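Going by the order they are written in, the chains are A, B, C, D, E, F and G; count residues from 1 in each one.
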Amino acid sequence: MMTKQSDDVIVKTLSRLLIPFMQIYALYVIAHGHYSPGGGFQGGVILGASLILLVITYGLDNALRKMSEKLNTILCSTGVFIYAGIGALCLVLGGNFLDYAELDPILHVGIAQARSLGILGVEVGVGITVMAAMASIFLDIATGGLPSSKEKNIQGKRA
Amino acid sequence: MIWQLDLILCLFIIICAIAAINVKDLLAAVIILGAYSFFMCLLWTEMGAVDVAFTEASVGAGVGTVLFIAAVSKTKRRSKD
Amino acid sequence: MKVIALIAVIMTGALLIYGVEDMPGWGDPNSPASSYVSPQYIQEATEKTATPNIVTAVLADYRSYDTMGETVVVFTAAIGCILMLRKKRNGEGG
Amino acid sequence: MADQFAALIIVVPLIASLFVPVFGWWKKKLCYPWVVAVLVIPLISSLSVLNTVMTTGKFSYRLGGWAPPWGIEYMLDHLSAFVLVIVSSISLIVAIYSKKSVEDNLPEKTVPFYTLFLLLVTGLMGIVITGDVFNLFVFLEISALSCYALIAIGEEGAPMATFNYIIIGTIGACFYLLGIGYLYIATGSLNMADLANILPDLYHSKVILVAFAFFTVGLAIKAGLFPLHTWLPDAYCTAPSAVSALIAPLMTKVAAYVMIRLMFTVFQPNFSVNMVPVMPILGWLSVMAIFWGGIKALAQTDLKRMLVYVVVAEVGYIVIGVSVANRMGLTGAILHIMNDAVMMACLFLVVGAILYKTGTREIHQLRHLNKKMPFTMAAFTITALSMCGIPPACGFFSKWYLILGTIEAGQWVWAAALLCSSLINAVLFFRVIECAYLKPMEPAYALNGGETKHEEIQRDEAPLTMLVPIVIMAAGVILLGIFSGKIISSVIQFAVPASF
Amino acid sequence: MLDYVISKYNFWIYIILMMIGLYAMIGKKNLVKKLIGMNVFQSAIILFYVSIGVKAGATVPILSGHGHGHEAIDVASYINPLPHVLMLTAIVVSIATTGIALATLILIYRKYNTLEEDEILKIRKETGA
Amino acid sequence: MEVTILVQATDESFEILEKARERSRDVLDIAARLTSESQSVQRKRVEAIFKGARQTKTEITRFAATFIILFGSWLLLSGHYDLFHISIGVLCCGLVSHATHDLLFANPRAGDMRVIVKRFITYIPWLLYQIVLSNMHVVRLALGPRNLLDPKIIQFKTKLESDISMVTLANSITLTPGTITVDIRDGVYYVHAVSKKTAEDLMTGEMEDRIAHIFMEADHVYVQDTLDMAPVFVALK
Amino acid sequence: MDVLYSSRPLWAVLVSMIAAFLILATGEKNRNIRESWTIMAALAKFLIVFSMVPVILQGKVIEYTIVTFYPGLLLQFRIDAFGMLFGVIASSLWIATSFYSIGYVRGLNEHAQTRYFFAFAMCLSSTIGIAFSANLLTFLVFYEILTIATYPLVIHKESKEGIMGGRKYLAYTLTAGCVLLFAIGMIYYMTGTLDFKAGGFMAGSGSSTVLIMLFAMLIFGFGVKAGIMPMHEWLPTAMVAPTPVSALLHAVAVVKAGVFGCLRVILYVFGPGLLHDLGIWLIMAYIASFTIVVAGFLALGQDHLKRRLAFSTINNLAMIVLGAALLTKSSMTGGIIHMANHAFMKITLFFCAGAIHVKMHKDYVSQLDGLGRQMPLTMGAFAIGAIGLSGIPPMSGFISKWFLCLGALEANQIIFLFVFMTSAMLDVAFFFPIIYNSFFKKPMDDVAPHFDEAPMFMVIPLVITALLSIVFGIVPDAFFRFFSLTSLAVQNIMGVG
C-alpha cells in the first residue's frame, strides 16, 4: 500500500534529497507569484506533493511524526483564516471586505504596495491551506482513514 | 502558435482521453489520465495560459493522479468496462 | 444506460456545436471577451497593485473573493474527507 | 456601516467554521454552542440587510473596493435579501436542532460535521448574495462539496447515493460553468447587473441561446427538477437527520432562486419568456415532477423517503411559478420558496425527532405517537395541513398565487396539477396522521358502549433542543401564512421584475 | 465550410473531449471510470475557457520591467487574463470534487467490495437496502 | 634528526595502518553483511533520522548546510535581489531547512562535504566518458550481428553502505547505456545487462570503487585515504 | 350603504379559537375548567355576534380588513344581513350544542374529549368566519379550516367505519376545496375582485360558457358540503360520528356552510340577473329538485335513525338551494329563512337521537317502539321537530315552505310546487311512523315503561330548541330577528338585481 514505508533505496534516497528542493521551489513559487506564473495555489500543491512524497516513501508513521494530523487540520484552517482574516482586517480598518488598500495605514508603503503585500499575504494563506488539504486528502484516501494496523486487519479479513 | 504542434497535441489529448476511459486496467487508465492532463497543460502553455498550465501540471498530472492511484490501490484495479 | 448516455451526449454536443457558429473567431482581439473587461485589467492592474503578473493581480485582488471561495473549496474537501473517512488513530484525532 | 452587514453574512460563518477544528482540538463540547451562537449573526445581518433594502431600495457591496464589472459585488435587492433571511434563519434553527442528532449518530465526527455545517451555510448564503455569475459557481461548489460529505456519512447506502449525487451534481455545475463561458465569450462580462445591460443587444445570438439552455439544464439538475432529479431521493433520504433537515429545505430552493435570478435578472423576462421556448417545457416538466413525486411518495412506507419525494414535487411547484412568468405566478414561486423551506424544515425535523426517539421511520409503526410525542405530532400535523393547502397555514397562500398565475397564463393543466397535488398531499399526510393519532388496527368500534379501556402510554417527547426548533417551525408555518400578505406587500412584490 | 471548420478547430476539440467525458460519466459502469470521465469533462471546459482568452499575436499576461514603466501598455499584446483566473479556480474545484468523490469511492468499496455499478445495484437489491 | 624521527614514525604508522586496515576490513565485512542482511537495520537507521536522536552540534551544522544549499538554489531561482525578496528567501529557506535538515543530510556516516563534492565533480567526466563508451558499444550491438545480444539479469552484492552511494551507483548504472538497475534489495543489485560485455564491465567493480571513493565508504576509504595521504608524508620526508 | 369599521367580527371569530387553545392547554385532567371554557366562549361569541344585529338591521354593514395582499385580494370581514343571519344561527346553536355535548360525552364517557372540544371550537370559529367573510378568498380560507376542523370530529370514534367515513369526508371536501380554489382564482383573474356583492358582480366578465363552467365548479365546491345529490355520499357515512357532531355537522356548521356558500354564489357572486340570463337557474333547480325527491325516498329506506335524519338533511338543504335557484323574492325568502328554521328543527331531532343513544343505546328506528312513555320530553321534542320539518303549522317549517311554494308559483314553475309537496309528503312518511311507534306502540321488550330521561345537560337544550322552533313558527321575527334579517338580505339582492 501507499502509506507503508518503501523498501526501495533508490526511491527513498532520491525523495529524501528531492523534498527540500521541492519545498523551497514551492515557496519560491508562492513568493514570486507576482512576477512569474504561479502563486499560492500552485505552490501549495507542490508543498502538498512534497508531503505526499514523504508519506509514500517513508511511511505514514514517520511522516506523521513530522506533521501530525491535528496540526495538518489546524494548518488547513489557518490558511483560510489568514485569507479571510486579511479580508476582515480590511473590514475592521473601515474599508470593504478584502480591500487591501485599507491596509496602507498599517503598512505605510503606499496603496499599490499595500495591495501587493495583501496579495502576498493572501497567497501565503492559500498555500498553507492547499498544502495541508492536499496532504490530508491524500492521507485519508490512501489509508482509508484507518490506522495502518487496523487497515491491515480489515484487508486480512477481506482475503 | 504553431499549428502543427497544436494539431499533434490535440490528437494526443483526444487519444489519451479515449484511452483513459476505455482501458480496463484502472491503474493504467489513471496514468493515461495523468498523461492527458500533461498534454493538456502543454496545449495551454502553448495558448499562453501559463498559470493555468502550471496549475494543471501540478494538480491534474500531479496530485490528482496520485489521489487516483491511492484510491485505486485501496480498491479494485480491474474494471469491467 | 449506454444508449441514454449516447443520446445525452449527442444532444449536448449538437447544442454546443450549434452555439459555436455565432462565436467570435479564435484569437480575435476584437471579440467581446478580449475587448470589454479585460483591457482595463491589463492596463491598470500592474500599476494599481504593483504586481506584474496580471493573472495574480486579478486572482488575488480584483477577484480575490472568488479565490477565497476557491480556498474554502479546498478546505471543504479536506474536512469532507476527514468527515467521511477518518477514524480515530491511536489517541490522535483530527 | 449598515451595508457592512452584507459582508458579515458570509464572513462570520466562514471564519467561525475555521475555528471549529480548533475547538475540536481543545474541547469537543464547545462546537455546538459556538455554531449556534455564530449563526445568530448572519441572521441579524441579513435581517438588517433586508431592512435596508426595504427602506432604501437595492444596493450593492463591492468586494475589495473594485468597481463592478472588474471586481465582484454583492447584489442586494429584495429577492436576495429575502432568500438570505430564509437561509440564515433555517440554518440557525437546524443548528439548534442538530445537537442530539449529532451526539447520537456521529459522536466521533462532531468536529468535522459542524465545520462542514457552517461551510454549507456559507456556501448557500454566498450563492444567494453574490452578484457575479462566476462567483456564484464557486459558492455553488462550496455548498455542493460540503453537502456531498455530509450526506455520505448517513446510513446504509449513503455513499452510493452520494456518488450519484456527485456525478450528476458535477454535470449540473459544469453545465452552469459552460453557460458562464458562453455568456462570457459573447459579452466579456461576468457581473449580473452588467450582463443584464449588455445582453439585450445580443438576444439573437445563438451563443446566448446555448448559454441559456445550459444554465437552465444545470440549475434544473441542481434543483432536482423532474427528469434530472434521480440523485435527489436517495441522497436526501440516506443523509443524517440534521443534514437532511438542512439540505432538503434549502438546497433545491436556493437552486430555484438562482434560476429566478438568472431568468429574470440576468436575462430579461422578455428573452426568457418570449424568445426561447423554455417556459412551457419547464412548466410541463414540473407538472410531471408534481405527479411523479406524488405518486412515488404514495408508494413509500418510509416516512422520510415519502417526504423526499414530496420535495421533488415541491420543486415542481416553484418551477411552475417561474414558468408561468407573470406577476402572480412569480409571487407564488418566491413565496413558495419561503413556505416550502419552512414546511420542509419542519417535516424533516419532525422525522428526525421521531427517528431519534423511536428508532423507526416506517409509517405503520408510528402508532400512538400523538400520546408519546404530542408536540412533535402537533407540529407535524400543522405542517401537513399546510402542505395540503389548508389556510391559514402558509402552504395555502403560495398555492393560491401559483394557481392565480397558472390561470392568468391560461395553463389549465398546470393549475389542475397543482390542485391534484394538494389532494395527493392530503392522502399522503392524512395516512400518516391517521396512523399516528388513531387506532385503525383495533376491531370495529362497538356502537353501544363507550370505550373505556385506555392503554397507558407514557409521554416520551423529544429533547428540548429538538422540540424547540420544531415548535418554532410549526409556529412559523402558521405565522408566515397569516402574515403572508404583509410579506408580499412589503418584500415580494418588489422582488418580482417590474416588467410583469 | 472547411475554412469554418478549421478556423474554430479548438472548439471542436473541446466539444469532442467534453462528449467523451460526459459519455464516461453517464455510460460507464465502473465508478472510477466515471470519475475519470468527470476529470476529462472538466478539463475540456477549462480548455474552452482558455481558448476564449487567446488573442492572436499576444503574449502571456505578465508585464516585463516590474510594472513601473510609465509608457502606455499595449493591450493587444497581452492575452486576456480573466479566463485564466477563472480557470485556476475551476481546476481547484475539480480537484476538490475528485478528492471528495474518491473518498466516497472508498466508502462504497468498503461496503460492497466492488466498484461496478451494476454489481452494487444487485447487492442492494438482494439486501433490500 | 627530527626528520628521521618523523620518517620512522611514519613507517611505524604505515605498519599500524596496514594492520588496522586488515583488521578493519574483517570488521567491516561483518558489518556490511549484517547491514545488508537485515532489513531492520536499515529501517532503524531511517527511524533514527526521524527521531532526531543525534547531537545538537551535528544538528546545527546540518541545518546550516541545508540552509546554505537551499538559499543558493533560492537565489538561483529568484532573480529578484532586493531586500524584500532576499528576506523572504531567508525566511523560506529557514523554514524549509528547519523542516527538512534531517532529510538532506540523513546519513550519519557522511564524510567531509568539501571532499565529497570535489570528488563528485571529478567523477562526472569519467561517468560521461563511460557513457560514451558504452553508447558506442550499444550502437555496435544494434547494428552488428544479433548473437552478440545476450540480455540477462546479473546480481552482485555491493560493499557500499550509505543509501546515497548506493543510489548514485544505481543511477550511474542506469545512465550507462546497456545496463539498467532493476532493484536493490538487501544490498544486492539486480541489474539488467544487454550484452556480455556490459555485464563484465560492470562486474569489474570499477564504478563501485569510484563511488565508494567519492563517499569515503567501505574499506576503500581507508586504502584510498592512505594512498592519498602518502604523497604528503613523502613530501614531508 | 353605510359601512361601519369595527374589529368585532374578528373577535367573534377569534373568541372560540382562543377558547380552543385554552381547552387544549387545560387538557383532560381539569374537565370542569375545560368545559367552562367552551361554555364561556359560546356565550361570549353569541353576545358579540348578537350585539351587531341592530347595526345590521339599520341597513349598515360592518367591515374589518385583516390583511391586503394585492389590490382586490384581501382577507376581510364584512357582515351583511345574510351573513348575520347565518352567524346568529351558528352562534346561538353553539350554546345549545355545547351544553348538550357536555352531557353527551360525559354520559358516554367518551375518549379524547379534549380533542373533541378543541375541534368543536375550531369548527365554530371557522363557521363564523365563513358567515362574516367579505369575499370569496376569505370564505375559502375559513371554509378549508372548517373542513379540517371537522375531520377529527368525524373520525372521533376511531373505529374502522369512522376512519373510512373520515377518509370519504376528506376526499369529498378537499377535492371540493381544490375546485373552489381554482374557480376562485379564475374569478379573480377575470374580474379582479372577489368581494361579495348583493346581486352579483360577475355579469359581463366573460363568455357564457366560462361563466357556466365557473358556476358549476363553485356549486360543486360548495355543494359537496351542502350534500347536493351526486356529491352527498359522505354525509350518511359520516353519521358514525358522535351525535352532537352530527347535530353540528347537519344543523349548524358544516352543511350549512355549504348551503351558505351555494347561496352566496347564486345570490352574491353571480346574482339572479346573470343566472337568469345564462339560464342555468333552471338546471340548478332541477338538480335540487332531484335531490329533494331522491333523498326523501332514500330516507324512507333507512332503519338507522341518524342515517334517516341525514337523508332528511340532504332533502332540506336541497330545498334551500332550490329556493335560491328559483330566483324569485318569495322563494329566496323561503330558502334563507329555511336555513334558520331547519337548523333549529334538525338540531332538535339530532339531539333527540343522541339522547336516545345515550340513554337507551338504541340507534334504529325499529327499536324505538314505546319510547315516548319512557322519555316523553325527548320524544315530544322529536315530534315537534319532525312535524315542523314536514311543514305543518304552526311550526317554523311551515313558514319556509309557504314562502318556497309561493316562490315556485311566482316563477311560474308549477313543477317545483309539486316537488315541495312531494317532499312534504315524504317528510310525513318517514317521520310519522317514528312518532306513532314511540308514543302508541308497546315496547318490544315487555318491560313496563317508566319515566327515564336522559341527563339534564342534554334534555334542556333539546327542549329549548324544540320550543324555539315553535316560537319561530308563530313569531318568525322573535328573539333573533331572523325574518327581518332575511327580508333585508332579499331586499338587498332584489334591489340591485
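Please note the rule applied: a contact is a pair of C-beta atoms (placed from the backbone, for glycine too) under 8 Å apart; a residue touches a chain by one contact, two chains touch by 3 or more.
Quick caveat, the model's predicted, so the values are computed rather than measured.
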Item to complete: Can you give the shortest number of steps from subunit A to subunit F, where adjacent chains in the path must touch?
Response: 1
Worksheet, complete the sentence: Moving step by step through touching chains, the smallest count that connects subunit C to subunit E is 1
Response to the item:
Overlap of the subunit A and subunit G neighbour lists contains D
Discussion item. I want to compare two interfaces, C-D and A-B. Which one has more contacting C-beta pairs?
Written reply: C-D
Practice prompt. Taking each chain's centre as the mean of its C-alpha atoms, give the chain farthest from subunit F.
Written response: G
Item to complete: Just give me the whole-number Å value for how far the CA centre of subunit B lies from that of subunit D.
Response: 38
Item to complete: With chain centres taken as the means of their Cα atoms, state the distance from subunit D to subunit G in Å.
Response: 42
Discussion item. On a C-alpha centroid basis, what's the spacing between subunit D and subunit E, in Å?
Written reply: 29
Worksheet entry | Centre-to-centre distance between subunit F and subunit C (centres being mean Cα positions), rounded to whole Å | 48
Item to complete: For subunit E, write out the residues touching at least two other chains, lowest number first.
Response: 9-10, 22-23, 26, 29, 51-56, 58, 60-62, 66, 82-84, 86, 88-89, 92-93, 95-97, 99-100, 102-107
Worksheet, complete the sentence: Each of the following residues of subunit D touches two or more other chains, namely 14, 18, 21, 63-64, 115, 134, 138, 141, 145, 148-149, 152, 178, 184-185, 190
Worksheet item: Where in subunit A do residues touch two or more other chains at once?
Response: 35-37, 39, 41, 70, 73, 76-77, 80, 84, 87, 97-98, 100, 130, 134, 137, 140-141, 144-145
Response to the item:
Per the touch rule above, subunit C residues touching subunit D in the complex are 15-16, 18-19, 21-24, 31-38, 40-41, 61-66, 69-70, 72-73, 75-77, 79-84, 86-88, 93-94
Practice prompt. Spell out the residues on subunit C that touch subunit A in their complex, using ranges where they run on.
Written response: 47-53, 55-57, 59-61, 64-65, 67-68, 70-72, 74-75, 77-79, 81-82, 84-87, 89-90, 92-94
Worksheet item: In their shared complex, at which residues does subunit E touch subunit B?
Response: 9-10, 13, 16-17, 20-21, 23-24, 28-30, 32-33, 35-37, 39-40, 43, 46-47, 50-51, 53-56, 58-62, 79, 83-84, 87-88, 91-92, 95, 98-99, 102, 105-106, 109, 114-116
Practice prompt. Write out the stretch or stretches of subunit D touching subunit G in their complex.
Written response: 385, 388-392, 396-397, 399-400, 403-404, 406-408, 415-416, 419-420, 422-423, 426, 430, 434, 438-440, 442-445, 447-452, 454, 482-486, 488-489, 493
Worksheet, complete the sentence: As the complex stands, subunit B meets subunit E at residues 1, 10, 13-14, 17-18, 20-21, 26, 29-30, 33, 36-37, 40, 43-44, 47-52, 55-56, 59-60, 63-64, 67-68, 70-72, 74-76, 79-81
